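Take a look at these structures.
Common to both upcoming complexes is chain A, partnered first by chain B, then by chain C.
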Partner chain A sequence: MTTKPSGTVAGSEPATARRWRSRRRPSASRKLRRAGWLMVAPALGHSILWIAIPVLATLVLSFTDYRVISAPRWVGLDNYIEIWNDAVFRKATWNTIVYTFFTVPVSMAVAVVIAVLLNQRIVGRTLYRAAFFLPHVTATVAIAMVWLWMYNPQYGLLNGLLSIVGLPGQVWLGNPDWALWSVIIVGIWQGIGIKMLIYLAALQNIDPNLYEAASIDGASKIQQFFSVTLPMLKPATFFVFVVSIIGAFQVFDQIYVLTDGGPANATTMMTYEVYRSAFQNFRMGMACAQSVVLFAFLIVLTVVNRRLTGGDDT
Partner chain B sequence: MSAAMTQTTAASPVKRRFDGKRIALTCVLAFGAFTMIVPFLWMILTSVKGPGELIEFPPTFWPKEWAWSNYAEALDAAPFATYFRNSFIIATGHTIITLIFGAMAGYALARIPFRGRELVFLGFIAMLMIPTYTKIVPQFLIVKFMPLFGGNDILGQGGSGWLNTWWALLIPGGLSPFAIFLFRQFYLSLPRELEEAARIDGLGEFRIWGQVYTPLIKPALATVALLTFQDSWNNFLWPLLVTTRDDLRVIQVGLAVFRQEETTQWAYLMAGSTLATIPMVLLFLVAQRYFIQGFTNAGIK
Partner chain C sequence: MTSWTRRGAAALLAAATTSLVLAACGDDSETSSENGSGDGQVSGELTVLTPIFEGAEGKALLEEELLPQFYEQYPDVTVTVDYTDYGSLNEKLTTAVASGLVPDVMMMGVGWIEAFAENGILADLGELGITVDDLSEDFTPEILAGGVWQDDLYAIPIMLDTRFGIARKDLLAEAGFDEPPSSLEELREYAIALTERDSGGQLQRAGFDMLSMDLRQMYEVFLFAHGGSLFSEDFTEPTFNSPEGVAALQYLVDLMHEDRVEDIGFSSTDIDVHPLLNDRAAMAVGHNNLWIQLQEAAPELADQLVPFTITGSEPGMFFGGTLATVSAGSDHPEAAAALVEFLTGPEAALGANEQRGNVPARTELLDSEYVQNNPLVQFAMENLEIAQREGGVPQWLEIRGDFTPAIEAALLGEKTPQQALDDLAGEAREAMAR
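Here is the complex of A and B:
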């Protein structure tokens, strides 16, 4: 019963098989193409709706006056002119730059030293690594809450420590001269972990022969650090620098919790002004213009950085 | 003979100096690590101090009495349990969405030669580099004017759209180009023969993805899942913007709001902070390997 039909199929095979194959081949690759698009479609659609369209909309809305309750009104460069003349936004820009150019290099310097120290066979290596990395995995809001408590002028841990040493306590976050530095300390503390981790990975890729050659030439450990380790870490340094600057420029959560931008705008940031414009004053056009300025800063910094460090090999 | 002698004479001072260095090294690292840990310790210790001890100055480090009841009282003072649950639901939701749609897209970009693939990939890379603040305002507006939701008409007018809904919390943040990029790299690292054999066997692409390739990148799945979960759990700005209802608040937002309402309840605040950080600390300690692999992967390439 079963052999008979299979026999007839086998008999007529050459002609039908050829026809079947010639039709099937293009259809198979078309199937493949369709599957490819089908699989990428949900993610692509999601990204277009929630990233590509919003970016374009930010650009367009930045030239409008838009307060949600009525339709956007074209105002040309008015928002940008207002930003240029706005003392608070200028203060925010300055604060952002100060915050970035203290937190990023300091935490990078600490991170590279810790990474070099950890890149040896020592007892409890994983434990140390975990300790340094912990601030990075925990929520900034909750962590900032703890720092707020440690900075508390009346009962805080920091003033407690100062009083034990016999030094007068500080108001930390309440003092316009100290507030930004207090925020920067939190930024450094939280920023070390991820940089250390990237440096650790980069260190493991350095050829040990280089150190051997350097020590034969009589270079001390310190000299080796400057003549072998640091040059070899250049690509990692470029990468860490760019990513950290982009991150630091967008500092928001700790400002929201620690200072609310105060006192007297001493700690307000570009992101915080975007937030205020959009969600406290409901000036969406202005917020978009401010975020375009923020974006422009990031682009310029990345390009300049690339030029200066010549880090195109990452 | 002379070589052997220099070796032995050289060996002991080197070893001695080495030990001194080792002690110095341990001291530096231990001090650094302790500085990193202190805020966490302080948080937990404060969360169990009684009201009298909180306002002692200079503060006591170790609590005299362990007031564990602070946790129960904090849960009464604000619905931290609800916040905790919401955060958990959203982080899990984001992880599931990423593992399905992110992995699918990553697979297609890595293994299926379809027309326009290079362009799509470049598009994802470009979108990967967009900072949060360059898209946040229109994202909020899309949510607010989402047609046919929350009393909105077909043009998105008249209601509140997705504001104060699970949709707003789950969908926009559900997938990131970064996860897609990571998945693509992982799928690219697998051999080509598997897909060819599977295709000759007549398996559909979805089955090749789900049954042939994905089981081979389980560690990568774990890595992306953990990073996604962590990112989502720690997210603050987006849930702050799209929710005002207490029953939809996530733990980070709930904590910030509680702080604005109860400025001096430090024990409760630290109890809430502990609840908001401990899951990530535990997750990190348990799955450290995957976290580190993920962050270094993300860092190097």
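Here is the complex of A and C:
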């Protein structure tokens, strides 16, 4: 038998009375727990309704032949086998990897340089920041229309510039050798703004004393950039890298407007194939399976990236 | 009562409340409208999904001119219109079917009916009192067949989109040709003669423009002209990779690469002004609605455009179009059928065709003022007996999406015509086997 600090003897109170009291007067921790559940309920409900259930439904439907206009039919791994053997989806996967491989590092490198420049006290700094951020907040369809004009073989700006220096014009979006690179350039240009903004915020959190100390030690501005700025931007870089890869793998609207995946599937991407399966071919089951493959790619890339950066994102 | 019992009761109460709220928010058509007044007059609230009647002009035509006439006939019917375009029609229909909110009346294209009828989305119009026999005097058999699946009528045509050859008479005359080409050999000869390049080899004028038209539909014109077909007569096997189909694609590849009558990238389906209207092409595979663009962009060329059939072993002409259907799940099938009959009737169909520059599906409209004043539409109507459609199998919507990349691959030299069409036929067979 143990004695409580208050002097009551444990076990002397009838069990029913204890239960009744606990129901009538919730303890502070239980109240706190209830309040906590109440607080997270909207977010939890949202997550279950709009994330967990659709993800689960996508996974289940990926094992079916679901045409929307007819009931789903269980086909096991058939969709995945078809994806494995599908030359067009393989091409889309390769295109997506190439697109990501070039747009993400290039736009990150450009963004960090611009962020460092715009972190200096220069005239019109706010204007420049807004200008670089503008492509991110402009509708991709509008951006793509402008680029369509720039890439136009007859009237476009690019061929106009080439003709000034005596070079032959190109069919930028109609030639399979150029089309993907043309799309990549748009992707790089459009992605700089948001990355620059994140880097700018991170730069402003770097302790000025670090630069002062480096300067006293005789470090040049370039040495300071590589020895102070870049290491201190590591958490931001991890975040930008992961988000950019996910964003690049989800590229869709500029393909939809600029090329429709052509010519001859030269610019088709994984997301565009998902769209084609779902809304052009009415094969929702296949589209779900392709989405699962895309999801798996992103998970693997994120884990690899985390390992490569030492798992330190704080 | 234990805490679990209380929780269970609370959950039950919450579920009941939710059900009541959802029921209150749900479709009230069952209670708010009737399926017919019982005196032969139909009634109900109808929803319509349409890719035609687009833009402010189309909307005004439908809602301010046509529907008021329908309401005069059927005062107890109300119509809510959902406008879209053919580019978004797939998405609209897919989401409508998936959500169970299928519009009562849907307009869709030639080649679409088979899939939707096969899967029970469309109502058999015969059960609503409209049969093929009733319409056989108003439409040619091939056009009416676009709305038939397994001998039952599921859709009635409103308008046709036809593709055929169009030439610039003035440019032909400059090159010494009095008439448009009458054979594939002549077409090649004329196209070569009419092609113009600058001293640097840059194409200035395509002798024959193939790229302003959707590549699948452009190819189909040549497939039909070579005596080929998309599928076997019983629609069990793709036949576009037959020798005729391969010859058709080889002909196009040769025009592009050997004869160099047009360069890749010279034109596209996104162009604002068709190359025939700004002297950038002398001949082309064109659409009948080019006449509307001509009236806006180059009315001075009205006497210079001349249509012609692209003729190989037989004349080749392609037609697509828009048909009206009734949903099998409509709460008001009689009212929906009445609306379909009205919209496909002579007066409404004529207005819709005039607004889009299209070809009326009803043969009686050949004599209308609109058709007689539009040379391209008139040409199409006078040659409807040679026009062939696409589709025929329920998987067509899936198969057709693979056509353009296959044609592109051949035109770009990435695959031979035989390889491109064989690969495409393989994909078609897989789709048809699923």
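By our rule, the second predicted complex is superposed on the first by the 261 of 314 C-alpha atoms of A that agree within 3 Å, B and C clash if a C-alpha of one lies under 4 Å from a C-alpha of the other, contacts with A are read in each partner's own complex, and residues count from 1 in each chain.
The rule we apply is simple: a residue touches a chain if its C-beta (ideal position, glycine included) is under 8 Å from a C-beta of that chain, and two chains touch if they have at least 3 such contacts.
As the structure is a computational prediction, the values presented were derived from the model and not from experiment.
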| item | value |
| --- | --- |
| Room on chain A for both chain B and chain C (clash or fit) | clash |
| Partner chain in contact with A:I81 - chain B first, chain C second, else both or neither | neither |
| Partner chain in contact with A:N175 - chain B first, chain C second, else both or neither | second |
| First, second, both or neither for A:P153, with chain B first and chain C second | second |
| Most chain A residues touched (candidates chain B, chain C) | B |
| Which superposed partner A:F279 touches (first chain B, second chain C, both, neither) | both |
| Touched partner set for A:W37, first chain B, second chain C, both or neither | first |
| Partner chain in contact with A:V304 - chain B first, chain C second, else both or neither | neither |
| Location of chain C clashes with chain B - one stretch out of 91-99, 145-153 or 199-207 | 91-99 |
| Chain B and chain C contact sites that coincide on chain A, given as residue numbers | 68, 148, 154, 278-279, 284 |
| Residues of chain B touching chain A in the complex | 22, 25-26, 28-30, 32-40, 42-43, 46, 54-59, 101-102, 104-105, 107-109, 112-117, 120, 123-124, 127, 130-142, 144, 171-172, 174-175, 177, 180, 199, 204-206, 209, 230, 233-234, 236-237, 241, 251-253, 255-256, 259, 266, 269-270, 272-273, 276-277, 280-281, 283-285, 288, 291-292, 295-296, 299-300 |
| Contacting residues of chain C [partner chain A, same complex] | 3, 90-91, 94, 97-98, 115-116, 119-121, 200, 202, 263-266, 268, 270, 397-398, 401, 404-405, 408-409, 412, 414, 434 |
| In the complex, chain A residues that touch chain B | 31-37, 39-40, 42-44, 46-47, 49-55, 57-58, 61, 68, 110, 114, 117-118, 120, 122-123, 126-135, 137-143, 145-150, 152, 154-157, 159-161, 163-164, 189, 192-194, 197-198, 200-202, 236, 239-240, 243, 246, 249-250, 252-253, 256-257, 270-271, 274-275, 278-279, 284, 287-288, 291-292, 294-295, 298 |
| In the complex, chain A residues that touch chain C | 23, 65, 67-70, 88, 148, 153-154, 168-169, 171, 173-176, 261-265, 276, 278-284 |
